[in-house]
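Naming follows writing order (A, B, C, D and E), and every chain is counted from residue 1.
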Amino acid sequence: ACSDSPNAANKDNAANGKAAGFLSIGMPNSTQTENNNPFIGSSSASNLGYRWMIYEPLGQWNNTKPDQPLKPWLASSITWSADWKTVDLVIRDGATWSDGKPLTAEDVVFTYDLIKKNEALNIFAIPFDAITSEGNKVKITFTSSQFTTQHKVIGQIPIVPKHIWSTIADPATDTIKTPVGSGPYVLKTWAQTGIILESRESGYWQELPKVKELRYTSYSGNDTQLTALASGQSEWSFVFIPDYQQTFIAKDPANHKIWAPGVLGIHGLYINTTRKPFDDPKLRQAMNMVINRADIFTQAEAGYFHPEIKSVTGLPEGAGDAYIADEYKGKTFSVDVEGAKTLLTGAGYTLDGNVLKDKSGAPVTIKLSDPAPWSDYQTTLEIIKDNLSKIGIAAEVEKPNQNVWDTNVQKGDFGATMRWTNGGSTPFDIYQTVMDGDLKKPIGTAAQQGNFGRFDSPEATAALKAYSNATDEASRKTALATLQKIFVEQAPMLPIGSDNVGAAYSTKKWVGWPSDADSYAPGQPTQAGALMVVLALKPAA
Amino acid sequence: MTIPTSSIEQVIPGQGSMAQPEPGKPGKAKRRKFLFLSNRKAAAGLVVLGIYILLAIIGPWIAPFDPGARGPDLMQGPSADHWMGTTHLGQDVYSQLLVGTRSVIFVGFVAGIVATILSVIIGVTAGYVGGKTDEALSALSNVFLVIPALPLIIIVTSIMENAGEMVVALVIGFTSWSWNARVLRAQTLSLRRRDYVEAARATGERSWRVIIFELLPNLTAVIASGFVGTVIFAVLSEITLAFIGITSSNTWNWGTILFWAQGQQALARSAWWWFVPAGLAIAILGTALSLINFAIDEFVSPRLRSAGKTKIKTNSGRTVRMRIGFTPVLSNSPEPHTHARPIPAVDHNGVTAVVREEAAS
Amino acid sequence: MKFLLQRVAFYLFTAWAAITLNFFIPRMIPGDPVQALITKYQGQLSTQAINSLYVLFGIDKDGNIWSEYVEYWKQLFAGDLGLSFTFFPTPVSEVLSDSILWTLMLVGVTTILSFTIGTGLGVLAGWRRGSWTDGLLPVTTFFSSVPYFWLGIIAIYLLTGPDSFFPSGGGAEVGLVPAWDMYFIPSALQHSLLPAFTILISSVSGWILSMRNMMVTVSSEDYITVAHAKGLPERRVALSYAARNALLPNVSGFALSLGFIVGGTFLVEIVFSYPGIGFQLFQALGANDYPLMQGVFLIITISVLVANLLADIAYLLLDPRTRKEG
Amino acid sequence: MTSTPDAETPAGEVVLEAIGLTKHFPVRRKMRDLFSKKHDAVHAVDDVSLTLRRGQVTALVGESGSGKSTVARLLAQLYPRTSGDIRLHGRSTAVKSGSAFRRYCAQVQMIFQDPFASLNPVHTIRYHLTRSLKIHGHAGKTAEDLEKALHALLNRVSLTPPERYLDKFPHELSGGQRQRVAIARALGAEPEALLADEPVSMLDVSIRLGVLNLLRDLKERLNLAILYITHDIASARYFADQTLVMYAGRMVEGGDSETVTQSPAHPYTRLLIDSAPDPDRLTTDIDASDEDRGNGEPPSLIRPPSGCRFHPRCPMAMARCTTDLPVRLEIGDKPGHWAACWLYDEATVAAQRPGSAVTS
Amino acid sequence: MSDPVLEIKNLNVGYGLGEQGVRAVRDVNLTLHRGEVLGLAGESGSGKSTLAYGMTRLLAPPGVITGGQVIYHPAEGDPYDVLSLSDDRIRKFRWAETAIVFQGAMNSLNPVHKISTQLTDVLQAHEPKMTESERTARAREMLKLVGIGPDRMDAYPHQLSGGMRQRVMIGMALILQPQVVIMDEPTTALDVVMQRQILGQLIELRERLGFSVIFITHDLSLLVEFSNRIAIMYGGRIVEEAPASAIYKDALHPYSKGLLGSFPALRGPRRELTGIPGSPPDLKGMPTGCSFHPRCPKAFDPCAGNIPVLGRPGTGDGKTRSVACWLHPTEEPVG
């Protein structure tokens, strides 16, 4: 009876010494239900990232080097018009679906059409206009410039086979039990305990990967994921590891590695600019000057997770370097309590003992809030609280639950809060989330898209528009310089750390991982570029 | 959480126990109240609880550090400065534990009091009034019994803007009365049929007086046990809520400590001092409360009380184990205990030679 | 018979009330599932996705809560629990059926074990007072006072590791599909050992205590003395007379506790990342996933009620006094 | 103790009277009854009439379950009655609670069977007695008045010296002492009628007599009307002026105590008296097959036998007994002696032979 | 008088030991003869039940037997001391030689087992060789003996009336045909009609089967009617022992007299009842000397100082009776 068991094969593999043939990938995303729909953000395929092993995009984007053009993938050439409203694509020959059928331009048109027609699937809200094909060429036009979203349009839309998807009644709710994609892997088994992908035998348009089997596990949370990483049960993951040196690296110093490259998406302290006296940029600047980012980096972010932002422009090291305006090149944050005090007294504030009083003589106090479960933010707030006390601002840390916090932040009912910005291939997303006047809503109305601090600057709004619609590099540069100037001088949000797309991995069985020296792809297993990593892996000697 | 399995419920079938007089202690004017304290379990439990309450009151004053203040020593093990080490921010775990006691005790007691008051009002009314009122109140408590308490508490606290201690305590109190109400109703039903309740009515007492002065005093043990049970439940719930980060409580409690410790992977970083003390504090408090509950059980049911004394010492220092069904035999000599011998003849007025004494009894 | 009918009416009412509450309470939580999803991904999901998600979840139109309520009942009667938001577009019923077996296996079996062991030890402790069993109570009480998530975490820390027999979490070895075969079952057992042990340690004391107390109470009943007087072997007196009677009140407690399996131990599932239903509930709570919350609540409600019914029936079967003739 | 207001009123005045008192306890309906109109009920008391006279003790005798306690509780207005009437000083009363109930209590007090259960274990003797005095306004105005009244009460029930008992808890007293406290509590209301429901059956043989003698003494000194409920017919002879015999919820015989016990008329009374232990009878006399005295179990009160309720057990049963409810018939040997038995209906006896319808 | 079956020698039974302990049965000597009904009377708390349970070692904790012997004379073989038997042997002894009927039959029967089970499990334990059907047949036979139809075999205790349950207990007591049946207030919970029925049946069975009975009650008039000899207990001691008629007509001990004077008589002339003044003694603080002396109307000097010993009184029928009272000096002690 055992021979026909679905588990027999898996076990036999292990028993036959092929154990080394697989790679265990874990994510702390708790339980999953079987859903291999690559378009749905909450499907298990998306949550764990295996959708990118089965389905591929037209081009691959390396988050860690956002200024680089996308690497042609299913499209062998990607050409944008100068106004970024039209893209011309040449679809690669030789790519086949895992059921053997060839991948054609029609499949690409079908996929983009599918997204255009289904609002529910258009998660990037891309304004498609026309999608046409001719031979192996595809042309897509848009109603607005796609400069800031090019990586999404090309790099984050999985191409699906028309011959299968055209028969699916509702592509938004279908769970795609047997996914057929163009990628090197096919789904072998799906179980609550783990999902196994196996390498295709043939038909892949590149060299087949060395890793014959990918085993995905979803752990209930960070702690269980970490335990699995530390014990070697998980070989690749993206998770916050407190004191990673001791809890992870030290368990196997030769093989356990952490890599955390920053990307163009940041975390910082949003300040409610409508509240007095925080509507005063001078006060915000002074606050910015006393925040000890190094402490936060080491104590709250375990020295790696949200790489410390050093540039005063709020752009992360590495990924952001190319975008920093000349004016701010080399200008970095440093804790300067005295400078802050001078600034404040110059602006009419008084420091009465260790209480800061505003112009009207009222003590300056602020409430910092973030949901309790986010312990890195909480730690950050504790440190900020401590830092602010140096210039006499009494801060109180509140821990509303997540729903309440969410609602309050959107409605503008908060003092200051740690939150993230959107991320993208340019600094646009960062600045937009913080300063875009178009996203601003009156206090009490939910601002869902950004500008939670109600920062009011028509200049910034205009610069944002100019940047995204520009047709030449020079005007982009000017617009970006304006944005940076406003961001630095007005300090609508105090940048703290950046997102990373790194990984915790083990070189025990597999080598060839991306690293600082060779950051050829994002390290995070759920990113579209994860496929590049898997394809690059080689068995350890 | 498992359901509270205090055996109080099980005592109900026995009924009589509660009203039964103390056997074998008629002469002593020692009141029943103090008798409770002579129970070793009760004494131990109360002493420990007393210490906790004391700490809850003075904890914040005697704490050597501000529990939230960052210090220079990060993640240090126990030392003379920091008895229980420090956190990743250099906060003093010992101070956090001390300061956290207040919140734990506060929530436990407020929730216990709220739940107890509700359960008494609902349970006793249902049991005493009977009829439709009983049916309605019983249905109410059953609905509350069916709804899973902890998830409900989680939802309700997340509805609240800023779920502070008071809110958490009230929510726990308002959601955890039903079990006790059921127990109380059953007890009241059995008490209501007691002669002394009928007798009080027959004397002409008003209903509210019958309930308050005749019924309630006889329910004290059940109420107390329900209270203690709810306190345990409330403490565990509060800590659980804090641990999974549901409550927004800005004050310290042991759950908060565990939350931080877990979030920072204290154990994986070998910082046991951060994780272990709070857990032990909970366990010891829980044990103390359970001991009090055992003692109440024993107090209520004399059978359980005497069950404790299974070994007795003879005068000669030998210990004998008691067994049901096989009474121990200390000696089978046919000699009389009292060494009494007959005295030949006694004339009614005469004086007799006294030769016997009672052997020590 | 009449007794049963009355109970059934009572259950129906309770079920109605509980389900109604279960419908309304989650809806009082501020925020909505889309926000919760965005927040969950902390920047990994950009805010542009908001609109598409509203459309996807079908909550872009404002509904009247009463019509939703009526609709909910209609769906319930049709056996449709809606689609989960967290696992969109998986139907809630599928999410539940995936996870309930895990919970039943882990917590259910553990509860039964705990009851059996606890009762057994309780019988011993109650019958052989003054022996080693006396030491049992203080120890188990202490363990039962330890919050079990704490115990679980300590157990993971102490007992799991790269070379340990005990896995640190999960329901079975990665890649094994639930099946009744020689691969899955041993692995599932192995994975359930630590969580089961944690639950066992912290719940067994309650059973020991109540069984011991009942044994003590029953032991002084006249019929026990009569059984001794009849010269019956000790085993028979202890089991067939004392334990049999002492068991009665505990059986209903046991049945009730079966009802609390789902709602009661979800922290164990969280700590051990066990793919059970309690864990689903926790996720649903975090994600404002009303349909899933309602589904889990429905299961809890039904299981508590069924357990109650079982308790009633068990009592009816075990205690001849409640069986009415005719 | 303050003097009873109408102590001068002549003995023999009717204080409390029950006429056709009936109490049916509804039985929980079963499934199969759902469709039938019939409501089952325990016919605990059916058509009971009795009078309590000042200065007299009326005994109510009957086997367990015959409805004696129910009669007492009905008279104390602790249960609502199904039908019939209770007259206090000739006035029909039906009270449930409130001040009317308390006014009734002031005149009719009840003593319960079990002295261990009828005192609340958490209250002192002082509390019990004080409440009784206060409710009925006999506590006086000052603390001294109260103290005096309490002492008087305890003296009255021979618990002397009073201060030794006042602050004790019930469990610190012996059974006899407790029953005395219960009596004192009843007396605190200064009632005219005392309903004593088996007041000594739970007491030790050696102290029963003391309590009975106390009750008799109270009857004489306070001119109380006492209902004495017992299953021990010998004590009824000893203590009561009148004796009524109950069987399965109905009165079967009544009359002067001496007459009822010495020349019982109803076959059930005879069975009762024959069954009582008799030291004068020798062991060897015992005849296990006492068919002539009647045997078997008491009947079901839910479906009581038709006709005379005793007929299934009666050695003298006649055809009429199985169908017609017997009425009270004068026996004629002593005034006031009656029995509800067709044996004393000459016409019936003439037509049917006694014992002819014995079922066995 | 016939041979003894059971001799109790200086039995002492107490509850607990040391400071907390009380002595509930003190130096009791009593002999039960073959085929007789021995009545044991005394007010509540005088130690009757303690004596009955003590001599079979069935006393629940904290009861302890502090001394004495209970010599049993089996039908065949040598007499032996029951108190020194091993656990296994005492299990065999129980019910086969001495059966007990307790006060409350409802509480004596296990509520969850059918009465047939409870009848046959005795047979199973004592006569393992019997087959299942033989056991059932025997049980049925016993029920018939006590007047219960065999159709009641499968009834549960709660389905039987109080009288029937008590008869089941009696049937169960006789199922192994023991030499001695101890009955501790077997009928107090029943009403007089039922009481007489059951006792009548018992006496009849005794005549047929020839066992001896120890009959415990506080109802002295019942004992006088039903037993051959009566022993009166007071404060843990036997104060008087005599043939039933002798006690009834001419009780020697003032306590016995008091007891007799506490029962109103149903027949004959109405006599004044004397009763016994005072309340029963507290076992913890027993009066010195004769424990009855504080309540005794005839107490005199020696009573307070010395404990009278049970012995044959010097009066006429002194050979058949004994008493422990300073009013009746003893000639020879019993035991």
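The rule is simple: a residue touches a chain if its C-beta (ideal position, glycine included) is under 8 Å from a C-beta of that chain, and two chains touch if they have at least 3 such contacts.
None of the values given here were measured: they were computed from a predicted structure.
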Lowest number of touching-chain links that must be crossed from subunit B to subunit D: 1
Shared chain contacts [subunit C and subunit D, defined touch]: B, E
Which of C-E and B-C has more C-beta contact pairs: B-C
Chain whose average C-alpha position is farthest from subunit D's own: A
Whole-Å gap separating subunit A and subunit B, where each centre is the average of the chain's CA atoms: 52
Geometric centre distance via CA averages, subunit E-subunit A, whole Å: 91
Cα-centroid distance, subunit D relative to subunit E, in whole angstrom: 33
Length of the line joining the C-alpha centres of subunit B and subunit E, rounded to whole Å: 44
Per-residue multi-chain contacts in subunit C, two or more chains: 29-30, 153, 156, 219-220, 225, 227-228, 270
Overlap residues in subunit B, where contacts from two or more other chains coincide: 26, 158, 244, 262, 268, 307, 310, 322, 324-326
For subunit D, residues that touch 2 or more chains besides their own: none
Touching residues on subunit A, where the partner in the complex is subunit C: 1-2, 5-8, 10-11, 24, 30-35, 37, 40-44, 119-125, 172-175, 189-196, 215, 217, 219-221, 223-224, 227-228, 230-233, 251, 265, 267, 374, 402-404, 406-407, 410, 420-424, 429, 433, 448-450, 499, 526
Of subunit A, residues touching subunit B in the complex: 222-223, 226-227, 230, 241-243, 246-247, 299, 371-373, 375, 378-379, 382-383, 386, 396-404
Footprint of subunit B on subunit D - complex, ascending: 73, 76, 78, 97, 101-102, 105-106, 109-110, 112-114, 116-123, 131-132, 135-136, 169-172, 182, 185-186, 188-189
Contact set on subunit B toward subunit D in their complex: 18-22, 26, 29, 31-32, 194-196, 198-205, 207, 213-214, 217-218, 220
Subunit D-touching residues of subunit E, taken from the complex the two chains share: 37, 43-45, 161, 163, 190-193, 195-197, 199-201, 203-204, 218-222, 224-228, 244, 248, 258-259, 262-268, 270, 273-277, 279-280
